[in-house]
Amino acid sequence: MEVKSAIEQKSLLSVLPPGKRARLRRLLFEFGPGHGTLMLLPIDQGIEHGPRDFFPNPASKDPEYQFRLAAEAGYSAIACQIGLAEKYYPDYAGQVPLILKVNGKTDVPPSDNALSTTNASVEDAVRLGADAVGYTLYVGSPRQDEDLHQLKGVREDCDRFGMPLVIWAYPRGSGIDKKGGQLSPYAIDYAARMAMEMGADVVKLNMPKPDPEKDKDSPAPYSELQWDEAEAIRHAVESAGRSLVVLSGGSRVDDDVVLNHTREIMDAGGSGVIFGRNVWQREWNDALEIIGQIKETLTGHVTRIP
Amino acid sequence: MEVKSAIEQKSLLSVLPPGKRARLRRLLFEFGPGHGTLMLLPIDQGIEHGPRDFFPNPASKDPEYQFRLAAEAGYSAIACQIGLAEKYYPDYAGQVPLILKVNGKTDVPPSDNALSTTNASVEDAVRLGADAVGYTLYVGSPRQDEDLHQLKGVREDCDRFGMPLVIWAYPRGSGIDKKGGQLSPYAIDYAARMAMEMGADVVKLNMPKPDPEKDKDSPAPYSELQWDEAEAIRHAVESAGRSLVVLSGGSRVDDDVVLNHTREIMDAGGSGVIFGRNVWQREWNDALEIIGQIKETLTGHVTRIP
Amino acid sequence: MEVKSAIEQKSLLSVLPPGKRARLRRLLFEFGPGHGTLMLLPIDQGIEHGPRDFFPNPASKDPEYQFRLAAEAGYSAIACQIGLAEKYYPDYAGQVPLILKVNGKTDVPPSDNALSTTNASVEDAVRLGADAVGYTLYVGSPRQDEDLHQLKGVREDCDRFGMPLVIWAYPRGSGIDKKGGQLSPYAIDYAARMAMEMGADVVKLNMPKPDPEKDKDSPAPYSELQWDEAEAIRHAVESAGRSLVVLSGGSRVDDDVVLNHTREIMDAGGSGVIFGRNVWQREWNDALEIIGQIKETLTGHVTRIP
Amino acid sequence: MEVKSAIEQKSLLSVLPPGKRARLRRLLFEFGPGHGTLMLLPIDQGIEHGPRDFFPNPASKDPEYQFRLAAEAGYSAIACQIGLAEKYYPDYAGQVPLILKVNGKTDVPPSDNALSTTNASVEDAVRLGADAVGYTLYVGSPRQDEDLHQLKGVREDCDRFGMPLVIWAYPRGSGIDKKGGQLSPYAIDYAARMAMEMGADVVKLNMPKPDPEKDKDSPAPYSELQWDEAEAIRHAVESAGRSLVVLSGGSRVDDDVVLNHTREIMDAGGSGVIFGRNVWQREWNDALEIIGQIKETLTGHVTRIP
Amino acid sequence: MEVKSAIEQKSLLSVLPPGKRARLRRLLFEFGPGHGTLMLLPIDQGIEHGPRDFFPNPASKDPEYQFRLAAEAGYSAIACQIGLAEKYYPDYAGQVPLILKVNGKTDVPPSDNALSTTNASVEDAVRLGADAVGYTLYVGSPRQDEDLHQLKGVREDCDRFGMPLVIWAYPRGSGIDKKGGQLSPYAIDYAARMAMEMGADVVKLNMPKPDPEKDKDSPAPYSELQWDEAEAIRHAVESAGRSLVVLSGGSRVDDDVVLNHTREIMDAGGSGVIFGRNVWQREWNDALEIIGQIKETLTGHVTRIP
């Protein structure tokens, strides 16, 4: 028996119970680029980093900007915290699906012992007509005991309400720092598997950054692998198994990097991207321009049936 | 698309569910100066600082003083803790709206790891006929994990009971101290956004105090901005988006500073002020005098339709 | 408007809901010295200090001693923990009201971070026919976050069941030690206000001990006040507002000190005393003797209508 | 009024509600030596110390040994944890009463901050047909706050279900070590009172070991008392008031010590013994032999009517 | 009375309530090698160690590999976490029983204070049609207080739903390290007893590794015993009493070690094995080969009737 690549994974939708299937199908086929892809717009940077992320494009400080962008440019969904969901989503309900992010934190204190507690519930998501719930899991954090137990409650409620669960799978904390760091192939690979085993329907990953100097501190065999970025992300997508994978963007980079990453995640068997600053730190027309290119890249490189 | 200034924000009342709308409308239009303004009287200093705040005006030690002032001088609402609400508000029920403050603490221990736990519930507020609930959020505190999770419960109950939520958004803790301090434009701006994203209907902010020497420790671009007080508060009000903003007073200052701050918050698109010591540390007639001037300033500088 | 002295406070009973009013009235008028006074007998020293307090009068080791004393000498109420309430109170039910103390601790570990967790509930008090509930609040303790939140639950249950709440308001912990200590006028004054704002119907205070040497570490203006004992207790009683105040006794002192303290608290607008060791560390007839004198002093110095 | 010695205490059964009375009566009169005595067999050493305690008598490693001993030798009850209760008690149900011990811990980590969390509930005890519940309280431990609050839940459930509560009252932790140690008369006396005040129906105490060298660190007057073992246990039994007292055995000692201790606790007004290793570390016939002697000593020295 | 060896233990099934009996019987007799044996396949290494364990046999990274292996090679059950259970088990439901592992953690942070919090519930297991629940107990960890209390909840739910409880009994933490280490005969023996006393129906143990150098730090008499591996495991199986014991495998070893361990556990009165890496780190046919040999060894050495 051969290991099935991410591309050959059994259809996720076919194993999901009806509520999850109905909602997730909406994101994959009815909204956004469709064809089983996910193009997600995150707007949680205002709490994770503060308003400083809005300076490159002052218009982005008004949440209206991201909501209008998500609706008009045809996103699969917009992801945000409870405050935005309650005060800005009503005008766009039905026009673009909502992913309610249920935990979060500021970046003011150091993140050696990272834990992001919940500030909203799956029931809030149901009430607001959301089609999925987002949860940040700090894989490997010294406080993983609290994190995993908190996730239990969210996951159980997702099962109860038929709500798809998107896990922001972020390696973090002092233990990770000692073993290659949060972008090491080791850490991203582990995070992908953790998220899947903890019940994610969709896993959000950062692009791994192989770095021989740091990776030698990872456990074997990672300490000796010579993976490039594409190989590393492919392995991570495989580690996520039947869970769909979307690639995170991070701080703003060149257009060709954006599109290249989009291609790489799709070629690796991923299902799409969740780029925030790389999109909304641009002015309206520029944003539409890059969104068009991302969309084209996504639908042009579909390798997996969700 | 241009970023909408605080002044151009969509009406908050129009996006609120009926219970919140009915109650908040009472504060904005039926009581106090009206015209969509908020003139709030806080009397929680007895627990936050102890009775020492009452010495400048001994009459203020008797909570009757603040309740009578709030009712007779025509305040939008009085904000206090459960003990005062239960023992002094009954005589004024219907004469002035009540904001029940549901958490608080003494200032005896140091506040490096500030957290203010709840001592009352939203259900208490409902029972007592309050029109809003107040919550102190220590933005950026090392204990933000507990704070945000606790706020979740209060916010959910506010949603359940249709109770407006006023967040005292105070940057606090060792992390904030290292990045410019609790009155830095960076910290106040972050606090405004946090409160809005966590579900505040009204955000209470301190006036930022730009200080190039300290602000250089803030993250970019704040470290290099040359904002004056007015610009700093305008940005913070914008960061609060559709949430209304009221300005906090702090310790007693000169009359022209009081009125100047009132003008600045209104010009910035704020909705009013919540001055305590600057009002009730004065004798009765002096207090009425300054209240009259504040009221005039508020209604004379309305720039936003709530 | 003038500040109302404690003596001029509005009737507490008139603002209390019926359950609290009915029960508290029983203590103030139907049992004990009456005339709106409170003469309370505490027997929680067995857990707070251990049996060592019973050696001066071996008979006092048997809880029967205190129960019989409370019933036969005509106390307003006896205050004790759940074990005594369940095993000794039944014989005296109806003969003397019961205050069930719902938290407590031994004095074995140091009290730098004092917190007294609950070992009984308000529902226990209802079941046992108690007329009030007692709670020790360590004002200013580094663990005040837990204390205030725990008190919330007790206070809510008191509201639910119409049970009067007596708060043992004790300044305690390292922060208090640095600011003048637990008997400083500053600390006692703060404690009185805290208890009232947290929902106490009756506040139990220790007699402040002004000490210029230590008080200079208190925040201004306390650091410069030259209050004597009588002034200090008068201010503290005023800080408690509409909440009734009873004075705590502490370790055994001379008869004239006992009676002098009784006079001082009554003159200050307090409602009575809660002396334990000063009473039951005496043999039966001696105890009756001093109780008679206390009773006479109480009823002879009533200054406030509860 | 004279202090009542333990022997003169009012009947405990007469103040207990019917459920507790029915169950405790079974232990005191229907099973075991009867005549109001308690001969209890504890088998919780397997978790408190590990299997090492079973080596002196290998047969004792099989819990059948203790259960059969308890049933055939006529014990008042057997005390064990949930696992033994579920897997071994069924065969003996009705033949010997069960005391379900609801908390416990290994002795692997140090016990400076001792706390024994619950691993079973009072409801488990009801379901299994137990006649009492056992709880270990570490009197004076730095974690007493958690301990007392946890005990509250157990005690409340005991009250709800009419289940007698047996408290293993063990002084423990760094604070106790500094004040004479866990076997000092001070510590045992305090433990007895604590257990009674926290709601124990039966208190399990260790035999105090007066030691002038260590006792001088106890608070006065203990630091200066010259009690012998018999006086110390008599005072502790008195401190337990109406709660019944049983004496704990500890590690194996000579037969005459076993019997002498049995006599001392009965003469002091105690109700019996709970000897484990001193019994089941003996081979079957030896065990029956000493049990017979203990039984005779118990019934021959009854001084108190329970 | 002689101590009963593990082999002579009373039938476990006969003391179990019907739900547990029906489910456990399925594993022991209807699936797998039968004859009262347990051949379990664990696939929780992806979270306990990360994907690094899958490199020796890349096919094993796809959970399909283990599920298909378990079903086709005839396992008694497969043990995995919630994510795999929800996304991979549906295809095999009815073909191989499921043990839902309800807690787990990564190995990124150090394990001095090991605690594995729950990420799934017994109710999840019921919903998914599982036949048992798995729980990792870190025996002797400094956080045993939390561990034992958490286990209480799981055990109670198992009792409520008639779900067999399998305890992964792992000595762990700084206390264990100081007393001979996690594979010392002392530690394994203690762990076996703990698991049984805490309510395990099946106990999973590691093979003890006697080491005179380290064992001298164990408490007496372990410090002086000269047990070999077979004696050590036999004592541990006896300590588990009526609970069934399965032997854990650990990292991959030689075939003869695998089979020898299988023989030793069966000869000791154990009920089977739970080998993961030693099986699925082999290619398909190699895996089937060793599974066949394990199965033969198991059924050829049955010494105990479950």
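Order of writing sets the labels: A, B, C, D and E. Residues in every chain begin at 1.
The rule is short, and it goes like this: a contact is a pair of C-beta atoms (placed from the backbone, for glycine too) under 8 Å apart; a residue touches a chain by one contact, two chains touch by 3 or more.
What you see is a predicted model; the values in this text were computed from it and never measured.
Colleague: From chain C, count the fewest steps through touching chains until chain E is reached.
Modeller: Steps on the shortest route: 2.
Colleague: After a C-alpha superposition of chain A on chain D, what does the rotation angle come to, in degrees rounded to the nearest 5?
Modeller: It works out to 145 degrees.
Colleague: Counting residue numbers used by both copies over all numbers at the interface, does the chain A-chain B contact come out same (over half shared) or different (under half)?
Modeller: Homomeric contact, different residues on each side for the most part.
Colleague: Take the average of all CA coordinates in chain A, do the same for chain C, and state the distance between these two points in whole angstrom.
Modeller: Each chain's C-alpha centroid was found; their separation is 57 Å.
Colleague: Please compute the C-alpha centroid of chain B, do the same for chain C, then give the distance between them in whole Å.
Modeller: Chain centres of chain B and chain C, defined by C-alpha means, are spaced 35 Å apart.
Colleague: Give me the residues of chain C that touch two or more other chains.
Modeller: none
Colleague: Draw the chains as dots and join the ones that touch; what shape do you get: line, ring, star, complete or other?
Modeller: Topology of the interface graph: a ring, with each chain touching two neighbours.
Colleague: Can you name the chains in ring order, beginning at chain C and moving first to chain D?
Modeller: Starting from chain C with chain D next, the chains run C, D, E, A, B.
Colleague: Spell out the residues on chain B that touch chain A in their complex, using ranges where they run on.
Modeller: On the chain B side, the touching residues are 1-4, 10, 12, 15, 139-142, 144-146, 148-149, 151-152, 155-156, 159, 171, 173-176, 179, 186, 189-190, 192-200, 219-222, 235, 238-239, 241-243.
Colleague: Would you pull the chain B residues touching chain C in the complex into a rising list?
Modeller: It comes out as residues 44, 46-47, 50-52, 55, 58-65, 68, 80-84, 86-88, 90-91, 104-106, 108-110, 115-121, 124, 127, 284.
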